[in-house]
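Shared between the two complexes below is chain A, which has chain B as its partner in the first and chain C in the second.
Right, the complex of A and B next:
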C-alpha cells in the first residue's frame, strides 16, 4: 500500500490536469475575493467565510482531474503492472482513492490560501473562531470526498475513458444543479410568510435531499457557516463514501482488465 | 473532401447519443418555451420566443460533449493515419471534420427551432426570428471551430473530453462574471467588457438570452463580425497547428 501511495503521489504531482486544476483553484477564489473586496467599504471589517466562495467550482474540477488521472493508469497499462506485481485490486482502488482525495484536499487548501491572500491584507484578519473555521472545512472536505468517490466509481464502471470523463462531468454537473435547486427551495420555504406548520412528504424529501446532496451542503456552509444539521450531513457523506467505495471495489474486482 | 464528409456524416447519424440529443433539444425547448413564464430570473420578455433563447444554451453544451466523443475515435482507431495514407490532405480532413460537426449542430438547431416555434404562444416578426437563428448558427460554428481545434490537436481522448466540457463550463461562468464586473466599471471599460463577452460564443448566447443585462448587447452586425473573426482565426490557427502535428 505504501509503495502504491508513493507512486500515486509522484504521479499526481506530475499530472498536468492536477496542476491546471490547482491554478484554477487559486485564480478563481482570488477573483471572487477581489470582487467582494471592491464591493465592500474599506472600513467594513474582515470578510469572514470568504475563503469558502471558490469552493462552488471544486466539484467540476474534481470531475476533470480524477477522471483524467485514473484514465492515465489504464492507457499507460500501469494498472496491469500493479496487478502483476501482486497488489490486490482492493488495495489498488483504495490507494487511488486516497491519492485523489489528497489531491482534492490540496485544491481545497489552495482555495483558502488564495482567497486569504487578497482578503486578509485588504480587510484584516478573520474574526470568526478558529474552531468554527476548522469545522466548516471538515464539512467541505467530506463534500469533496463524496465527489471524488463518485467520480472514481464512474471511472471504474465505464470502460471507455472518453465516456467515463463525459459521464463523470455530467454527473457532477447534475449534482451541482440539483444541490443548488434544493438549497434554493429550502431557503425560499423558510422565507415564505406564515409558513404552514404542517410538514408534507414533499418537505421531508426536500429536507433529506438538502442534507444529502454535496452541493447543497456546500451552500449551507457558505451561508450559515456551521449548518444546523452539520452532524447529519457528515453522517450522510460518510455513508455515501463508504457505499460508493465498496461498490467500486466490488466492480473493480470483477472487471476484465486487458 | 466529399467522400470524407460522407463518411463522417454517415458515422455521425449512427450515433445514438446524437439522436437522443436531438430529441431532447426539441423536448426541452418545447417545455421551456411553453412554461418559461414561471421563471422569475428571466427579464426583457417581449414574446414566448424569448424563453426558447434561454434553452438554446443546450446546443453548445451538447456539442461540447458530443464533439470529443465523436472525434476521439479518429486517433484511437488510427483512422486519421489511414486517411492520410489514402492521399487525403490534412486540410481536407480538418474541413470535413468541421463540416460534419457543423451538420450535427444544424440538426440540433433545427430541433430547437421546431420546439421553439411550436411551443411559443406569441412570436416576434419573422425577420427577428431569422436574424436570431443566423446569429445562433454563427456563434455555434465559432464554438465548434474551437472544439475541432482541440479535438484534432490533442491525442489523449480523456483529456480532450475534459478540456472541451470544461471549456463550456468555464466560458459560461466567465461571461456571467464579466457581466457582474460590468456593473462595477465605467462606460469605457463597459464597452471593452461587452466586446469581450460577445467574442466568447457562450457570451453571444447570453446577450441574446433573457438572462442578460441590456448593457452587454451589441448590434447584430457587430456580433456577426465578431463570430466571423473568431471562426477565421480559429480555422487558420487550427490548420497551421494540425499541419505540423506528428501523427503516429
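Right, the complex of A and C next:
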C-alpha cells in the first residue's frame, strides 16, 4: 500500500489536470474575495468565513481532476503494472481513493490560503473561533471526500477516459443542481410565514435531502457556518463514502481488465 | 522438467463468447516459447489470465508451481514481467521516470539498475524526452524495460513486434535473445508473424479457437518442416534397403510413400531401385514453412 501511495503521489504532482485545478482553486477564491472586499467599506471588520466562498465549484474540479487522473491509469494501462506486481485490487482502489482525496484536500487548503491572502491584509485577521473554523473545514472535507468517492466509482465502472470524464462532470453537475434546489427550497420554507406547524412528508424528504446532498451541506456551511445538523451530515457523508467505496471495490474486483 | 507456466483445461467465457476452451499448455523454464495463433485465437486472453488482469471461468494454471487459486500466486507473479498488447507506460513521463515509478511500485530499495535497464533496451540516450514523443519501437522497448524491473524470471510479451519497422523488429529480436541467453529469462511470446518467431523460439504452442492444437520443441518442428523429397514407389522395402545402403536419412510414411531427406540424383536412384525390382511412381520436392505447417495444423483441426 505504501509503495502504491508513493507512486500515486508522485504521479499526482505531475498530473496536469491536478495542477490546473489547483491554480483554479487559487484564482477563483482570490477573485471572489477581491469582489467581497470591494463591496465592503474599509474598516468594516474581518471577512469571517470568506475562505469558504471558493468551495462552491470544488465538486466540478474534483470531477475533472479525479476522472482524468484515474482514467489515465486505465487508458495508459499503467493499472496493469499494479495488478501484475501482485497488489490486490482492493488495495489498488483504496490507494487511489487516498491519493485523490488528498489531492482534493490540497485544493480545499489552497482555497483557504488564496482567500486569506486577499481578505486578511485587506480587512484584518478573522475573529471567529478557530475551533469553529476547523469544524467547518471538516464538514467541507467530508463533502469533498463524497465527491471523490463518487467520481472514483464512476471511473471504475466506465473504462473510456472521455466517457468517464464526461459522466463524472455530469454526475457532479446533477449533485450540484440538486443541492442548490434543495437548499433553496429549505431556505424559502424557513423564510415563509409559518402557516402551519405541521411537518409534512415532503418537509421530511426535503430536510433529509438537505442533510444528505453534499452541495446543500456546502451551502449550509457557508450560510450557517456550523449547521444545526452537522453531526447528521457527517454521518451521512461517512455512510455515502463507505457504500460507494465498497461498491467500487466489488465492481473493480470482478472487472476484466484489458 | 521444470516449468515456468502450466495450464490445465483453462477456460475463459465472456457473454456469448468462449475465448479459451480448455487450453492446456506447458512452458518449460529457460525456453523461448512461441505462442502461435491467428487473431482471436485466444493468445491475449491467456496472457490476461496469467497476469491476473482477468480471472478464468474454468480450469487452472500454475506459475512456478503456485496455483492460480492459491495465495502464493501474487508472489509468483512478482517473478513475472509482461507487456500485454500495448506497453503500459506513463506517456507524460520520460523513460527514466517511468522506470522510477515501477521501481517505487515494486518497493525496490534503490534505483541503481535503471541506467543498466535503459542501456539494455537501447533507451539510454533519451534524456528528458517524454514517452508520448517516442516512436512505436521505443515505446515497446520501454514497455519491456518496465517489465524487466525487479529482475523477473519469466517475461510475457504479447505481439511485441506488431507495427514495428524492420529495424525495430531486429532490435526487439536481438533484445529477446539477449535476455534469454544472458539472463536466462523464460520468455513467452505470442505472435502471428510466424517467420519472425521461427528465428527465436525454442518451443512452440499452436492455438486455435481457444484450444491448444499442438505443442512441440523447435527441433520437432524443424523435423516436421524439413526439406525432403516425397517418393511414391511400388515397394518401400526395396527403397529402404537402397537408402540404407546409400546412408541417406528417410522416413517411411506408408507401404508406398516415403520422405527422403537428401538431394537425390534421380537417374541413379531410378536405376538402383529398378535393379531391386522397385519402380518410382512419383517424386516431389517438399519444403514446408512454419506458416504452411501451422495452416495444415489449423486446417486439420477444422476438418
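In this text, the second predicted complex is superposed on the first by the 257 of 258 C-alpha atoms of A that agree within 3 Å, B and C clash if a C-alpha of one lies under 4 Å from a C-alpha of the other, contacts with A are read in each partner's own complex, and residues count from 1 in each chain.
Everything that follows uses one rule, which is that contacts are C-beta pairs under 8 Å (C-beta built on N, C-alpha and C of every residue); 3 or more make two chains touch, one makes a residue touch a chain.
Here the structure is a predicted model, which means the values were calculated and not measured.
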For this session: Could you tell me whether chain B and chain C fit or clash when both sit on chain A in the superposition?
Result: fit
For this session: Check whether A:198 is in contact with chain B, with chain C, with both or with neither, and answer first, second, both or neither.
Result: neither
Exercise. To the nearest 10 degrees, what angle do the lines from the C-alpha centre of chain A to those of chain B and chain C enclose?
Worked result: 80
For this session: For A:64, decide between first (touching chain B), second (touching chain C), both and neither.
Result: first
Problem set entry | Nearest-approach distance, in Å, of chain C Cα atoms to those of chain B in the combined model | 9
For this session: Could you tell me which stretches of chain A are touched by chain B in one complex and by chain C in the other?
Result: none
For this session: Would you mind writing out the residues of chain C in touch with chain A in their complex?
Result: 14, 48, 51-55, 74-75, 77-78, 80-82, 84-93, 101-102, 104-107, 146
Seminar exercise, completed: As the complex stands, chain A meets chain C at residues 2-4, 6-7, 10-11, 14-16, 76-88, 256-258
Problem set entry | Complex contacts: residues of chain A adjacent to chain B | 17, 24, 31, 35, 38-39, 57, 60, 63-64, 67-68, 71-72, 75, 161-166, 169-170, 173
Exercise. Chain A touches which residues of chain B in the complex?
Worked result: 65, 68-69, 72, 156-162, 165-166, 169-170, 173, 177, 180-181, 184
